[in-house]
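Okay, so subunit A shows up in both of these, paired with subunit B first and subunit C after.
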Partner chain A sequence: MLDGLTRRQFIEISACAMAAPAIGWPNEAAAAAAPAGGTLVVAAAAGSPRHFNSAVQSGIATGMPAAQIFASPLRFDDQWRPHPYLAERWELAPDGMSLTLHLVKGATFHDGQPITSADVAYSILTIRDNHPFKTMFAPVKQVDTPDPATAVIRLTQPHPALLICMSPPLCPILPKHVFDNGHDIKTNPANLAPIGSGPFKFVEYKPGDHITLEKYDRFFLPGRPKLDRIIYRIISDPSAIVVGLEQGETNFLPFAVSTRDLTRLAKKKTLGVTAQGYQGFGPINWLAFNLLRKPLDDKRVRKAIYHAIDRDFITKKLLLGFAQEATGPIVPSSPFYSAAVDPYAFDLKRANALLDEAGLKPDARGKRFSLTVDYLPIGGPEEQQNIAEYLKPQLKKVGIDVQVRSAPDFPTWAQRISNWDFDMTMDQVFNWGDPVVGVHRTYLTSNIRKGVIWSNTQNYRNPQVDQLLDEAAVTLDEQKRKALYAQFQKIVVDDAPIAWINIVPYNSVYDRRLGNLPTTIWGALSPMDDLYWKESHA
Partner chain B sequence: MRLANAILQRLCNAILLIAAVIVFNFALIHLAPGDPAQVIAGEMGGANAKILAEIRHAYGLDKPFLEQLWIYVSHVLRGDLGQSYYFNAPVAQLVAQRALATVLLVFSGLIAAIIFGTLLGVFSARRPRGALSHGVTILSLVGYSAPVFWTGILLILLFAAAVPIFPVEGMMDPARTGGGWIGRAIDIAHHLVLPATSLGIVYLAQYSRLARASMLDVLGADYIRAARAKGLSENVVVYKHALRNAILPVVTVAGLDLGRVFAGAVLVETVFDWPGMGRLAYGSILRRDSPTLLGILLFSAVIVIIGNLLTDLAYRLIDPRIRTSA
Partner chain C sequence: MTLLDAGSGWQATGPAGMPEPPGSDEIAAGSAAARPLREAWRMFAGNPLALVGLAILAGIVVMTIIGPYLYPVDPFDIVGAPLTPPGEGGLLFGSDYLGRDMLAGIIHGGRASLTVGGFAAIITMAIGISIGALAGFYGGWADRVLMRVTEFFQVLPPLLLAMVLVTLFSPTLTTITLSIGVVSWTNVARLTRAEFLKIRSLDYVLAGRAVGARDRRLIWRVILPNALPPLVVAAALSVGVAILFESGLSFLGLGDPNVMSWGMMIGQNKQVMLDAWWPTTIPGAAIFAAVLSISLIGDGLNDALNPRLRRR
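Up next, the complex of A and B:
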C-alpha cells in the first residue's frame, strides 16, 4: 500500500509541468459542515519557545504555534502527499532545476497586506541562510519573481527533498515588509510579535505561562479556521499535565511520551489517545558509539553490544508496549525505509562470540572491558535514562562493565557529546521528513564537526556511505533514490555506528469532543484550521 | 535620628551584599559546564559551527571571563540588567513579568502561615496538655517533615483530581474572557489556594511550635500573674498582654524565613506551573541563561533585604524597649 501511494506521490512531483492535482483535502467535506467556535487549550510540554519565527528556529516549542501563525507554500496529508496551501498550483521543471509556485489569489497577512512572490523569495532565502537545517535550501541559487503571484525557485542541482521542504514546519512565509527591518533576523523584535498569514494570529505570549492565538477572520481558505482561539498552556510538571487533561483544563496534549501517563489517560472515557501525526518527525531513540574510542572502533564490538540488547524487552516492558523497535537510521513510516537489512536479533551467544573474535577475552571475574554510557537528560526518564540504566546489568551478561554517567542538564550533556568526550550515549534524533534533512547529518564524513551537537559525533567514516548519500541527495527518480537509500541502510546497519533502539512512542491525547485532529505527517506542527468542537463545551 | 542611622547602616551592608551576589553568581554560572550557544542550538534541533559562533559572538560569549564580568557589572551599574540569551528579551522585563506572581505566592503563603501558626500556637499553649495541643504538635511534625513538593502533589491529587474543586495549572485561566478585574482577582485567588497552602504548611508547623513555646514561656511570667490578679479577663491577658511579648520570636524568624520561602517557591511553582521567578530561575540555570539568572538573584536579594528592614521596623513597633534602647 505504501508503495502505491508513494509511486503516486512520485508521479505527482516529477511529472513535468503538471499542475497540482485537485485532490480534495481528506477532511474537507466534514469540515465544511462542522460547527465553528470555541477555544482549544493545548498542553505544551515542550517548554517556552525562544520566539515564533520558525524560519530561523527549529523545534517543537516554536513549531507548534508557528504552524498556526505562518502559512507555507504546501501542506501534506497523512500519506506524504502534497496539497495546495499558499501555492494553489506548482510545477517542477523536467530537469528538476526549478520549482514554480503559483500563489493563491487574495491571500493576506494578518496586518492586511497582500502576500506576494517577493515575500516567498525573501522567506526562502532567509531560511536558506539562517535555518539550522542547512540541507533544506542549500541548493537554492535564487528565487525569481516574474509577477506578484508567481515565484520560481532556481536550483544549482536537482533537489528531490524540495517539496517536503515546502511544508508548514519547514517553510513559513514571512511578510518581507515586517521582518526585513534592518535587524538581524535571529534576534529580530518581530520574532516575538509575529505577523503571518496562517489561520490564527498572534495575540499574547507570557513565557513560562501561555501563548494565545486568535482566529484570523480574513484567512485565505473560506470557512476556516473553525476555532475562535488556541491557547498553548506551557506546563512542565508531569502530574499537573495529567490532572489538567483529566479535569478538562487542557484539551489536547501532543508529543506525549510518558507511557505510564498514557496508560492512565487512556482509561479516561472523555479522552482519546492516538499515535497518528508523527510520521514526518521520525524520532528515534538510539545508542550512539564513539568510534574514536577503543574497543568501539572495532565493528565486531559494536555488533556484539547491539546483539546483547533485548529490544523486545525495552519496547514491551520498559515502554509498556507503546514503542516500536527501530531497525536502522530511517524510521519505518518513511517512504525511504528499507527492511532489507541484517537485523540484530537478541543473541547473547553471538555477542560473546563476536567479543571473543575481537580478542577481548574475559578475565578471571568474567569482565572483558569497561565503558561509560551517557544519556540525553531531557524529557522523562523513560526512554533515555531507564534504557541507559538497563544497559548496565544487560551488558554485564557479556562481560562489559558499564558505568552510567548522568548529566544534570542538557548543556552538560551536549558539551560532552559534541566534543566527543564519551564512549556511548543514549540520544534522540528526528528524521525530519526527508532523509536529506534529518538523516544525512549523522552519517556523512563531511559533517564530523567538533563542538556541534547532532552532527556526526560518532566520527563514523565510510566513503561508500558518503557517496550513496551524496547521490541520493540529487536523484529525482523516486525508485532510484529508494534503491540508494536501501543500499545505504544495509551498509550502515552492518557497520553499526549506532545501535538504533526504538521509535519514540509519541502520542497525542485529546478531548473526544474534538473533530479533525491534526493527524497529518506533521501532526501538531501543521495548520489546525479544520479542527473543531463537535459540541459546545464549557 | 537613631532610626535613620540604623537604616543607613543596613543600606550600606545591602550594597556590599548585592555586589557580592553579582560577582559570586557570575563566577559560579561560568564554572558550570556547557554554554548557552549549545542550548540555543539544542532548542533549534541542531546547528552548525557557523551558527554556534554567531550566537557566541552576538552575546559576547567569546570574550574572556573578566571582560564579560566587567561588561555585566558596568551595565548593571547603569541600571541595565542585560538581554536574556534565550528569550532575547530584556531581563528586567522578564523578571518584572514573573516577580508579582512569586511575591504574591510567597507573601500569601508566609502571611497565612504566620497568622494561622501563631493562633494555633496560642490555642495550644492555653491548654498545653489538651487534645488540641497534641493535635497541633502532630500536625506540626507532619507538616514540617513533608517535602513541600510532596505536599503540593498530594494537594493536587486530593483537591484537583479526587475532589476537583481547585485548578491545578498556572495562575489564571487564560481561556476565560470577560468578568472584569473582580472576576480576574477571584480567578487568581482560586488558583492561589493550593500552591500557597503547600508552601505555607511547612511554615505553619514551624510558627505554631514557635508561638506555643514562646507563649508558654510568657504565660508563666510574673506580669501575667499580676494581670490576672488585677482581675483582667483571660482573653485580654492572653491576647493583649502575653501575645505581644510572645510574638517577638515569630517576627524574628519570619524575617529570616523570607529568603528560605523564596527558595521553597521554586518547587511549588514547578509543581503547580505557577508562572513565577522560581521556575524562570530554574529554567535559566538549565539554559545557562546567566543574565536572567543574575537578574532574578539580584531581585531576590533586594526583596530579602527589604524584608529584613521591615522586620526591624516591625520590632520597633511591637516592642517599645527596642525603640528607646537599641
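Up next, the complex of A and C:
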C-alpha cells in the first residue's frame, strides 16, 4: 500500500538523533533541567524525500523531518501508551463511534496563526482521502468543530486503531490556511516549503544534500525544543555513512540495518547502538508465495519450503545474531502477537515427506520442480539478496531448483510482484503500529488488487481469515481483539501464504553525548523536542 | 580468374606479409603462406612474456574445462560456515558470505567468465569488422553514415550503456554477452576502417579491381587478410576487456545470479570486504591472471605480426 518511492525511502533511510539509556516517558524533570542549544546532524540514508507533507506521503524519508515540522494530536511512549501532544485531553465515546480532542491553548503554526479545530478537521480529512494507508481513517465520517479548541471525530464503525492513528508519523496537523490553497494536495507547493505546527520549523532543503530545520521559539510546550537546529544530511553510500559517524560528522543514524556496519560502529567508544525505537514499525523480512502458480497453490508445498529454510542459520550466521526469527504475520513486539502457532521447525525430512505427499516426486537427478525467487533490490543485500541466494542451495536439498531473478531497480521489482508475475519473492513489510494499518492489507481477500504493491499480492483467500480480520477491525475490547488476532495468526501460519523469516534488526547509532534519544515506538519518526546535548560539542 | 589468383598469391608475400586467403587453388601460394605464419610463431616464441601469458591462459582454460570433473562440488552449495578462512574446514580457498566453497566458485566461475569473454569478443569483432570494412571500402556517404553511428556509440560510456541494456533485458549470460559485444565494437570498427582506407588504394587491390573482381571478393579475400594483423591483436585484447566488463557488471549487481562467475563472486562478497579478504581477493586474482595473460599474448602477437619489427 505504500507507493514505490515511499517504500524505497523507507528502507533506505536512516537519520537522526537518539540517546543513551532506555528512557521512560515524558521525563519532564530531566528535560527541564537539560541544557539547551546545539545542532544535531542526522545521517539520512534514505535519499531525498519527495516533499515534507506526511499527510499524503508515507515513508521514512518524509516522515523523519515531518515529525519535527508537524505536531500530531497524540504521541506515544515506548510502552504503546498515548500521551497528550497537540491535544491536551481526549475522550473516546463509550460506543466507540467518536473521539473528542481538546486542543492545547495558545498553540501556533510557524507563521504565528493559531492552531484550531478547523485545522485538525482539515488534516484528518486530507489524510483520509490521500494517504496510502487507506485503512487508517477509512471509518471517519466527519470531523465536527463545535469550538476552535475542540474537534470531534465521528466514525461509521468502531475503530480500535484510531488512537494509534493520532500519532506523529500518521497524523500531522497542517495549517488549513496554507495548504487549502486550491492546489492538488499531492503536488501542493506548500509541501516543499511547509509551515508546520511542530517543535522545529523548516529552513532549507537541498535534494540529495541536506535538510535544515530550526527551533521554533513559540512551540506550545514550554522549554522545548532543546536543540537549536537539526540537519538531515542525505548520504546514500553505506561506507560514507559509517565513516561519517566514526568521524563525528554526523551524530545519529536511525534505521541502520547492516549487521556488519553495526558490529564495526559498536566498537567505537563515542558511539552507542540501540534497538529501541522501532516497535511501532514492526518490520518483517519474509518469503512470499504466489498462490496462483502451481505447485505453490498446494499448502503442503508451501509448508515444505518453510520447513526447508533454516531460520537459525539465517539469523545467527547470515545476520550475525542481530535478528530475531519471525514466526508469523505479527511482530513479537506488538501487543497482538501470539506465540500459539504451530512453528515451522527446520526439518528437511518433513519437507521431503510433504513434497512426496503432494505428488511431486523427484526425477532421476533428484529434481522435483523449478521455481524463481525475486528479491527487493534496495536497502542493502543482507536481508534480501543474501537470503534469496541462500534459498538456491538450500531448497535444492529437497529437490527444488531455484532460479534467482534479480531486478535492477525498485520499479522493476514492484512491477513484477504487483502484477503477480512471480513464483516467490523476498520482501520486507511493516506492521505499522496496529494490525489494521499494516497487517490486514497482506491477507484480506478484498485487498487482492492487481498493480498495487504491498497489497495481497500472494492472492491468498481464506473466508475465515477475512471474517476474523473484519471483526478485529471493529472490536474495541482489547482482549477480544487479541483473541481474534491469535486465531487469525494460527490459521494464517498454518496456511503459510508467506514464509516469515526474520524481524528486521533496525538499530540506531548515536553519539553518546546525546540525551533523551527517541526511543518511543515511533523512534526517529516522533518529535525530538526533548533531545539534548549533555555537554557542549564543537 | 587466373590473373586474380596470381594477384592474391603475390599478395600473400606482399607488403603486409600475410597468409594466403583461403580458397586459392594455387599450390605455390599455399606454401608461401606457411612461411609468414612460421615466422610469426618464431617471433612469438622468442618473446618470453608472451609465452608466460600463453601458459597462464592455457592453464586457466584447462582448469575451467576439466576442473568441474576433477572437483565436482556445486559452487552454489553451502558447504560450511560462512567466511571460513582458506585452508580451514577442508576448504582450500575458504568459504564466502553464505558458506559456499570458494574453490568450486573459482573453477566453475572461470567457465562463465571465459565464455562471456570469448563470445563477447566474437560479437565485438563481427560488428566492428563489418562496419569498419564497409565504411573503409566504400567511403563516401556509406562511410559518413557508418562513422556517425560509430561515433554515436563511442560517446556513450560503454559500461553505462551495457548496464542499461542488461537492465532492459534482465541479466542472463546471453544478454550480458550481447550487451558487452554491442558496446565495445567501436574501436575495432575504426581500426578496420583505417586499415581498409590504407589498403584499398594499394596496387594489388587496384589490380584485382582491374580484372573485375567483385566488391565482396575484394573486401573479404583481398583487403581483409592484409588488414588482419592489428585486428588479431585487437581481438585478443577485447577478450580481456570483455572479461573485465562482465566482472564490472556483476560487481554492480547486474550479473546473472544463477551462473557463478568471478565477477559475481566479487560483487556478492564485497559486502564482507572489511571482514574477510579472501572472498574478494581470490576471484580478483583469477581475473587479474586471466586478463594479464591475454594482454601478454596480445602484445606478443602485436610484435610477431608487425613486419617492421620482424625485419629488425
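As a working rule, the second predicted complex is superposed on the first by the 512 of 538 C-alpha atoms of A that agree within 3 Å, B and C clash if a C-alpha of one lies under 4 Å from a C-alpha of the other, contacts with A are read in each partner's own complex, and residues count from 1 in each chain.
Assume contacts are C-beta pairs under 8 Å (C-beta built on N, C-alpha and C of every residue); 3 or more make two chains touch, one makes a residue touch a chain.
Predicted model, so just to flag it, every value in this text is computed and none were measured.
Novice: Go through the superposed model and pick first if A:Pro146 touches only subunit B, second if only subunit C, both, or neither.
Specialist: After superposing on A, A:Pro146 lies clear of both subunit B and subunit C.
Novice: Output check: A:Glu382 vs subunit B and subunit C. Expected answer is one of first, second, both, neither. What do you get?
Specialist: In the superposed model, A:Glu382 contacts subunit C only, not subunit B.
Novice: For A:Gln394, using the defined touch cut-off, is the partner it touches subunit B, subunit C, both, or neither? Pick first, second, both or neither.
Specialist: It touches subunit C, and subunit B stays clear.
Novice: Could you say whether A:Val41 touches subunit B, subunit C, both of them, or neither, answering first, second, both or neither?
Specialist: first
Novice: Is A:Arg264 touching the first partner subunit B, the second partner subunit C, both, or neither of them?
Specialist: In the superposition, A:Arg264 contacts subunit C only.
Novice: State whether A:Asp409 touches subunit B only (first), subunit C only (second), both chains, or neither.
Specialist: both
Novice: Contact-wise, after the overlay, does A:Gly321 reach subunit B, subunit C, both or neither (first, second, both, neither)?
Specialist: neither
Novice: When the two structures are overlaid on chain A, which partner does A:Arg449 contact: first (subunit B), second (subunit C), both, or neither?
Specialist: first
Novice: By the touch definition above, which subunit A residues appear in both interfaces, subunit B in one complex and subunit C in the other?
Specialist: Looking at subunit A, the two contact sets intersect at 409, 412.
Novice: Which bits of subunit B are touching subunit A when the two form their complex?
Specialist: Listed in rising order, the residues of subunit B that touch subunit A are 32-36, 38-49, 51-52, 54-55, 58, 86-89, 94, 97-98, 153, 156-157, 160-161, 164, 167-171, 173-175, 270-273, 275, 279-280, 283, 285-288.
Novice: In the complex formed with subunit B, which residues of subunit A make contact?
Specialist: Contact set of subunit A toward subunit B: 39, 41, 47-48, 50-51, 57-59, 61-62, 132-134, 184, 186-187, 191-192, 206-210, 212, 229, 231, 233-237, 239-240, 243-244, 246-247, 249-250, 409-416, 418, 430, 432, 441, 449, 451-455.
Novice: Would you tell me which residues of subunit A are touching subunit C in their complex?
Specialist: Touching subunit C from subunit A are residues 258, 260, 264, 317-318, 377, 380-382, 385-386, 388-390, 392-394, 396, 403-406, 408-409, 412.
Novice: How about subunit C: which of its residues touch subunit A in the complex?
Specialist: For subunit C paired with subunit A, touching residues are 74, 76-78, 81-82, 97-100, 163, 166-167, 170-171, 253-254, 257-258, 268, 271-272, 274-275.
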